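Across the two complexes that follow, chain A remains constant while its partner is chain B and subsequently chain C.
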Partner chain A sequence: MTNDLQIRKFIINWINLSNYCSSLLPEDAECSLIQDGYIDSLGFLNLIAAIEEKFSIEVDFEDISPEEFTTISGLTRSVAMLFKNDS
Partner chain B sequence: MNNNTETLANKLQESFSQHLERNAIYVDGSYYQYYEINNAALTIANVIKKSPGLNSKYISFFCSRIIHSYTAIAGILISGHAYLPLNPKFPPNRLHQMLENSKCNTIILSEECAEYFFKIENLTEKLYIICPEPGNLIMKLKKIIKNHSFVFPQDSIQKIESIISPTVLPEDPAYLLFTSGTTGIPKGIPVSHANVCTYLNYTIKKYKVSPDDRISQMFDITFDLSVHDIFVSFLSGACLYIIPDSSIMAPAKFIKEHKLTLWFSVPSVAMFMEKMRMLKPSSFPTLRYSLFCGEAMPKRSAEAWQIAANNSIIENLYGPTETTIAITSYRWDTQISPEECINGIVPIGWPFDSHFTHILFDDENVANIVDKGELCLAGPQVTSGYINDPSQTSERFIYIGNDGKRWYRTGDIVRQGKNKCLFYLGRTDDQLQIRGYRAELQEIDQVIRKVAGTDLAISVPKLLSPGQAETVYAFIQGKNNEFSIEEILQYCRQNLPEYMVPTEIIFIDKIPVNVNGKINRKALMEKI
Partner chain C sequence: MYKTDWSKIYRTEFISVSECWKTCGGYCCNNFFGDYLKILDKNSVSLPMTEDEFCYYESIGGISNITSTPKNREFILKNGKKFKIYFLSCSCKGLCKPHSARPLICRIYPYFPIVNAQGQILDYDYCAIMDIFYTSPKIHRCSLINNSDLNEKIKAQLNFLLPEMLKDPFQIFVFMMIKLFIDSFREAMGEKIDKIDHCQIGSFIGKFEKILLLGKPWKTNYFQTKIIETYEEIKNVWKEDFL
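On to the complex of A and B.
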């Protein structure tokens, strides 16, 4: 069972292990990943690919605005929603 | 085509007066009608005309994509001057070079950029700072800063007067944009009224733009593709939709909500939206035309976009700033275009009406046996050259043969296929595009060499495709402990736009050289 906390941890760990961000994101970080400069748009695509592989899902953000899915909590919610829609 | 007497200023005033009651701009959740844009622009133009001292050829504005940027552009043009956009995403030293190089003494400053503007150091020239909507910060700065003069339009202009545009000639500049330069100093490209009117007349007619159109605006105003958005819309009485920064990489919801009819972006946006599964069948049925420019367009992005924008004609445009916005185009055809792509890249097509292409081969004698060479362009959109840089101008703007045509050497390698269709293959030099922005690697090298105090420093792109990079790495010969990485990166951030700042600094025992003793950038590229 995948829960919000697992998704959130995965996102933060992935960013911290990547070369995109010079400072480490704390576990309770709340920020806009692209606008605040933690990651660029290509890095974001790589993050999405990693999420898809890890959780064996396909993202579909057709009706979600980027303001939502580019924040840590918004991305967590958007990914969690995909599990709910599947079940 | 341009009839040789028209200017952007006259065309703007004519269109504004015809569409006063229509929506002109949607920005930050509000609509502004043409009469509001006209009044704000006339206020700026009145201030410029009536204040002694505001007399530089170029007048700059420093705002993000907020309403004041668009009214500043219109006001500056109507006053008979040319506009120079400054970008808050640029580092202070670059802004300083742009102001100095253009000898600009007047700037329109928004409250949101005021603090950052005063980080530009060593502004020795007295500046006239026009503040259309001064807030607390500007009023505070006015008290502290004594060497510049602040102008408040609401104080100095009691009554808005219509302006009879002064004697602006078609060959006078309408705007000035800077691109990356090899010497470490950005190159200024003035674009004349005749250049830009030729482009706009052709484009508005070709895409049948009308007052009912709803047009996207997502390019930074320092990127010349924004000139297309703004003036195609303003001169047609259409409505310009400013896509907020937060939505810029995936604006699917914005396109649907506002029922946009004309789209213009870099192809990466289509690629990004496809990966986010935003390009579903008939997602954007209102789009009539979708234009892409600024980087090589992958076939896959064109195919995916066509499925989503099912009623839209897709065109891939190509053009350097030196030849005004775009100068060739290729119309995507679902039936035949996939076959025509080379290496999965959509062709750049054919030149616009009244323009010419020539392919320059290294050796004219081998022209019959090799099929690729450097693209040169001629015609009324070709600009006059670089400001204060006769040597670069004569190097890039040349005469071929005796027909009197002046050609711009693009530095882009192309192949000409059947029916003379052009295919972009890459660059002749170290210039490339990083995430759609044009950049010279030598400019990055110069900055790193200066701060590191060594000539053995070199930047290397991480390429996505020929001429297109995701990011840049820098190699320095020496040991890690001899330099402060943070100091080097900090200096880069102060002197280069964000996209040109290296992702990583790598120390290496010996920078590889080729047989001629030249630094071997290719060997370093294999290390990243």
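On to the complex of A and C.
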């Protein structure tokens, strides 16, 4: 079963391995991914696509605001909710 | 294979309306709805370019007061074909230097041509992403749109000057892709910005941001298939694999 920690680790590893930002995100990072400059909007699209492929889900944050799902914690929670909604 | 002559494009004044910017507050170069954005850049407009155009733009030194690093995204079609689009983030607000280095999208604003696979111009649609959500030209902020005489004049200018670049199958593909992209965006948004109350603009822009950040309309099988079909159609017409 996919848990929050797995999702969070995937997000942080993906960003750190991408070419979008020059500084590495620590594992316990709390930040707004786009507003704090870690990735841009195009990069965020690619991240969503990567999450969909990795976890075989369709990302559709119906009731979640962009301010929420573009933070690391918010994105982790929002993705985790998709699994809970499926089960 | 015919390739667009970007040096000629950059010497071309596609739209010639004297000092139109004095009539609209420089609408085209300003992010008028920027204040409503929560995540995307409030102060700049994003200028897309094909890879060939970007190479030319860089070769002439580009616009000196666009200092942010251009972004690019490689699009990979389901048939494995790829192409890159570059994006400049511009906050010059119309004061770009030199003005002669401005990209194609700035030169043909407010429109891009709706074309068929043969490169024939069928009509025009808005090339700026927020403009696509207007229903009524009469209340649009751009004078080249809301003034019917000027509107006719600029379409005639585009009809005369655009066909040269519509001999390039890749350019035809780009324009057809833009049309697909914005039609999907319109359908996903549903509402139109000139049909909602002023107090609803915030939630309209919130929905706009969400769609752009998650990309849902462009992940559908329908959209992906239409791209492939368009590519195949252009390839068959021009007898060239342009990707």
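Everything below uses one rule, namely that the second predicted complex is superposed on the first by the 87 of 87 C-alpha atoms of A that agree within 3 Å, B and C clash if a C-alpha of one lies under 4 Å from a C-alpha of the other, contacts with A are read in each partner's own complex, and residues count from 1 in each chain.
Basically, a contact is a pair of C-beta atoms (placed from the backbone, for glycine too) under 8 Å apart; a residue touches a chain by one contact, two chains touch by 3 or more.
Only a predicted model underlies this, so the values are computations on that prediction, with no experimental measurement involved.
Visitor: After the superposition on A, what does A:Ile34 contact: first (chain B), second (chain C), both or neither?
Guide: Both partners.
Visitor: Identify the partner contact of A:Phe83: answer first if only chain B is touched, second if only chain C is, both if each is, neither if none is.
Guide: A:Phe83: touches no partner chain.
Visitor: Of the partners chain B and chain C, which touch A:Asp60 in the superposed model: first, second, both, neither?
Guide: After superposition on chain A, A:Asp60 lies in contact with both partners, chain B and chain C.
Visitor: If you stack the two complexes on chain A, which partner ends up touching A:Ile48: first (chain B), second (chain C), both, or neither?
Guide: Once the two structures are laid over each other on A, A:Ile48 reaches both partners.
Visitor: So chain A touches chain B in one structure and chain C in the other; where do those two contact lists coincide?
Guide: Touching chain B in the first complex and chain C in the second, residues 32, 34-35, 40-42, 44-45, 48-49, 59-61, 65-67, 69-70 of chain A appear in both lists.
Visitor: Given the complex with chain A, which residues does chain B contribute to the contact?
Guide: 245-254, 268, 272, 275-278, 280, 283, 435, 470-471, 503-504
Visitor: Would you mind writing out the residues of chain C in touch with chain A in their complex?
Guide: Touch residues, chain C against chain A: 38-40, 71, 73, 87, 206, 209-210, 212-216, 219.
Visitor: Sort out for me which residues of chain A touch chain C in the complex.
Guide: 32, 34-35, 40-42, 44-46, 48-49, 59-61, 65-67, 69-70
Visitor: Using the touch rule from the top, collect the residues of chain A that touch chain B in their complex.
Guide: 19, 32, 34-35, 40-42, 44-45, 48-49, 58-67, 69-70
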